[in-house]
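Every chain is named by a letter (A, B, C and D) in the order it is written, and numbering of its residues begins at 1.
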Amino acid sequence: MNGSEVQFWSFVTAALLMIIGIYAIIFMDNIIKKIIGVMLIGDGVNLVLITEGFKPGGIVPIISEKLYNQSPGIFQEFADQASYSLPFALVLTNIVIGASTLAVLLGITIKLYQHYNSLSVHEIFKEEKI
Amino acid sequence: MNSELIPLMVIFPLISAILLNLMHGKDKVVRAYGILAMLVVLVVPIFASYGNHLFGAHPVVDTLPQLKISLSEVNLAIEYNFAFLQKALVFLLAAIATFAVLSHISNEKKVSGVYLSMIMLSIAAVSAVVMANDIFNMFVFLEIMTIAQAAIVIAVGGVSGYKAAFKYLVFGGVAGASILLGIALLLGTFGVLNISDLHNSLSGNMTNPIVLTAVGLIVIGWLFESGLFPFHTIKSNMYSAAKPDIAALLQTQTKIVLVALAIVLLRLFGGYSNMTAVMLGLSVGTLIIGSVMALLQTDFRRLLAFTAVSQAGLVGIGIGLGTRLGIAAGIFHAINDAIAMSLLFITVYFIYERAKTTEFKRLGGLLVQAPKLAFIQIIGILIVSGVPPFNAYQSEFRIIDATIQAGHPELGVLVILGTILTFVALMKGFYLTFLKENTTKIALGKVHIYNGLPTVTYVTLIILVIACVGIGLFPMPFYDRAYSVALKILVGW
Amino acid sequence: MKFQQSQEMRNLIAAIFVGIFSYFIIKALTDFDIVPGVSYIYNLRGPLIAPNMITVILFDWRGYDTLGEAFILITAVLTTGILFGRGVLGGDVSEKDSTPIRPSTIVQKVFAAPLVFIIVAFGVVITLGGHITPGGGFQGGSVIATAFFLSVVVYGFKKNVFNLSHNSLETLEGVGALIYLCLGLVGLGLSGYYLYNVGADLYPYLGVGDTATRLFSYPDSTNAGIIPYLNIGIALKVLSGFCTIITVLWGAEKK
Amino acid sequence: MDNLYDYLHEKFKALGGTQIGSGLSAEFILLAFFPLVLIALLRGVNDTIAIVLALLFIVAVVFSAPFVVKVSKENTDHYNIAAFYVAIVMGIVMFIMLGGI
């Protein structure tokens, strides 16, 4: 596979991850599965961002000593070769957001399980009638 | 123009949040520091001068051909805008938050530092969302706000709060991911994150299907953050699960975020009529369903929660019209309604604190015991229902005016219907709480306390009423500023 | 969704609408034309600050986002604490400490301690070299948190290698976040711009004094200014945040 | 009229504790709401069609009344209700944005 194909299939994977996540959130009955769904959606978005940063044939956006010494002051050559680095930084932020949400949701799950002795949404929301 | 005080509106609450958390357990210190911090939070937006703040001092730079952007210059880093609208919204938030914090400090036997720190975090997050001119920064702080609000509800304890927070976080996760995917699509297409830059690159690009997908995704996020139609049950559940004095803060935050995000949406995609149509339609649905549901409730807190949601729908109608008059009236109504609904929530807070319940079947006959409270609440009901001398009248009238000017008189009728329904619902709550004969004698034990309202909260109520009357009598300074913001949104920032 | 029999139709309706949504998402993502945008400028100017572009974006160009990110973690940690009784309204509720004590085998006990030290050293290296090599505060902090969890699993919470109590973890987290906030305030005080990278001297015209520049210089080939220090603050924060979440969830009572 | 009142009273029992007065007010507002929305949507096409359809709609709605019970059942705090409507709105919003109304 060449670069652009990799990118294409990466986007498809990301879309599938998000769709599976939405499916889990809406149709699954188990709370843990719903939480996994939320995380899958987050991971799908992360994959979209990572793939946006991908440049066919690009290098890692860390400047080597050779490139640094080659062009003091202006780093034209490095910038031409390097991957787009902004999306990677955004991904790092979103990973932490996902981890934080996961921690809180798992904590709530423990509490709900202690009270209802069940993880089924059907059981937990029994008091609210449909 | 650079103003040093602009970042402090976010940084100071963040520092206070950490310090309050570290102080947790030392009661006196927490009380003292809480009051001090709220004073600073209240004062900073007043003294901050208008302008922009560039984080990290990174300026605007010329673009290069390799960027493949059609702009002549781009912003390098995060930027904050601070103008009259931002000042008004941040100050409003700080004021309502001060009331919430003071009521917590003065009415609770044991002050919780962690709880106060959560309030501080949500203040910081909402202020950041209001001022940010960077779409990703906005998203980050929206997530902080979501988790902090969930924490405020969780802190009440009890399984209903956990359930409300669970729903809020799961759908918040969906909405957050939706906003972020929209941002990712915009970033991939245009390569910039600054809202002004995006606005410039987007002009003339509104037929690109990827951009339209991004619009849809961000609108879904907006619906969640402002508690409109599919998410109205989640928001109202949050309001009713929180303590009523904090519910006042939560609904203020919701309305502020509604306005802030809607301004971003209109600035970026204002020319796209399908987006405003979606905003308008779902807002109308929220208004009617919210007020109908409010009428059917058997609990005062849930009644107010649904009323707050339906009023958010009213704000959404103004903004969704997409005309100058509509946007101006919507922004104006958001401010007015945040004040008025806070007033009502705080009156219910008294009933909740003293009677330990807000269910109608266990309340009744409180007029004799709490005449002052009844008087203030009836004023609050009149304000929310849009009765002339008060502020909500000025904005609801302008919203109806805007619907007719925009060529949708039916919407004007719907707004009137919704307002009537709100009035009926609130009067029903008032009747069942204050006028109906008390049959259960539940609240009779500590009844005499009603007359001696805690001073801080009493003063709070007076200040809120004065604010409502003041804005109601002199609406023009506020409305004119809102109108100029609307003009700026439509014509150019 | 488990609806009643008469409402089985709802699943179908919901599935159809999710299908429509999915179709548009896939369609948008499959014909996507990517523009480098400002990333190119970041890559062009970034090497003046530090070799690792991602760290430079995280802590310099968009350092304020990272601040928000750090605070999301803090919010989550506090929320988890609230869930288990710290700071709920009406006074703290302390649950019984029901940390499962599972006897470790001799192999685990012998090998865990040195492994923990190796992992901690690895995390420290990742953190301190974050602006030169791949890595940074987040990665280093979470690696050290792994070591903490390993030692808790093997030796139990009471006798773990780190010997950090819950309170000291909270303090550590606060200190980490305050380091970040205060380094930002230094920039605000000296130049008037929050989180200005004092010491990297990207914009000499701001007139930040020599002393500050020398104070924040870091012994390596390029001058990264405050970035390494921000990395350390973030590492402390992430480490203690993850450790707190782990201990709170680990100690949750089983019923 | 007594029969009607009894009929509605019977129906509103399902709401659980709500007064019949509030139920009726909500019912009337809803009766006004649907035709108004229909008119607002269809007026762009043709005024006459809009009015005729709205009148027909009123008749249909009156015969399927009381509506309040259904609305209140669709707006509980149950997770599945929220999930159902979120799914629908997500689909509709994307469809309107990309497919055009």
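Note that contacts are C-beta pairs under 8 Å (C-beta built on N, C-alpha and C of every residue); 3 or more make two chains touch, one makes a residue touch a chain.
Here the structure is a predicted model, which is why all the values come from computation and not from measurement.
Between the chain pairs B-C and A-D, more C-beta pairs are in contact across B-C. The most central chain, judged by C-alpha centres against the centre of all protein C-alpha atoms, is B.
Taking each chain's centre as the mean of its C-alpha atoms, chain B lies 27 Å from chain D.
Separation between the centroids of chain A and chain D, computed from CA atoms only, is 39 Å. Rounded to whole angstrom, the centroid-to-centroid distance between chain C and chain D, based on C-alpha atoms, equals 48 Å.
Residue positions of chain C with contacts to 2 or more other chains are 1-3, 14, 18, 21, 24-25, 27, 32, 34, 36-40, 42, 44, 62, 65, 68-69, 72, 75-76, 79, 83.
Counting only residues that touch two or more partner chains, chain D has 76-77, 79-81, 83-84, 86-88, 90, 94, 98.
With touch defined as above, residues shared between interfaces to two or more other chains in chain A number as follows: 18, 22, 25-26, 48, 52, 79, 86-87, 90, 93, 97, 100-101, 104, 108, 111, 121, 124-125, 130.
Interface residues of chain A, counted against chain D in their complex, comprise 22, 25-26, 121, 124-125, 128-130. Those residues of chain C that touch chain B in the shared complex are 24-25, 27-28, 31-42, 44, 60-65, 67-69, 71-72, 74-76, 78-79, 81-83, 86-92, 170-171, 174, 177-178, 181, 184-185, 187-188, 191-197, 202-203, 206. On the side of chain C, the complex with chain A involves touching residues 1-4, 7, 11, 14-15, 18, 21-22, 25-26, 29-30, 32, 34, 36-40, 42-48, 51-54, 57-58, 62, 65-66, 68-70, 72-73, 75-77, 79-80, 83-84, 132-134, 138, 221-222, 238, 245, 248-249, 252-253, 255. By the touch rule above, chain D contacts chain C in their complex via residues 80, 83-84, 87-88, 90-92, 94-95, 98. Residues 66, 136, 140, 143, 147, 150-151, 154, 159, 162-163, 165-166, 169-170, 172-174, 176-177, 180-181, 184-185, 187-188, 193 of chain B are the ones that touch chain A when the two sit in their complex.
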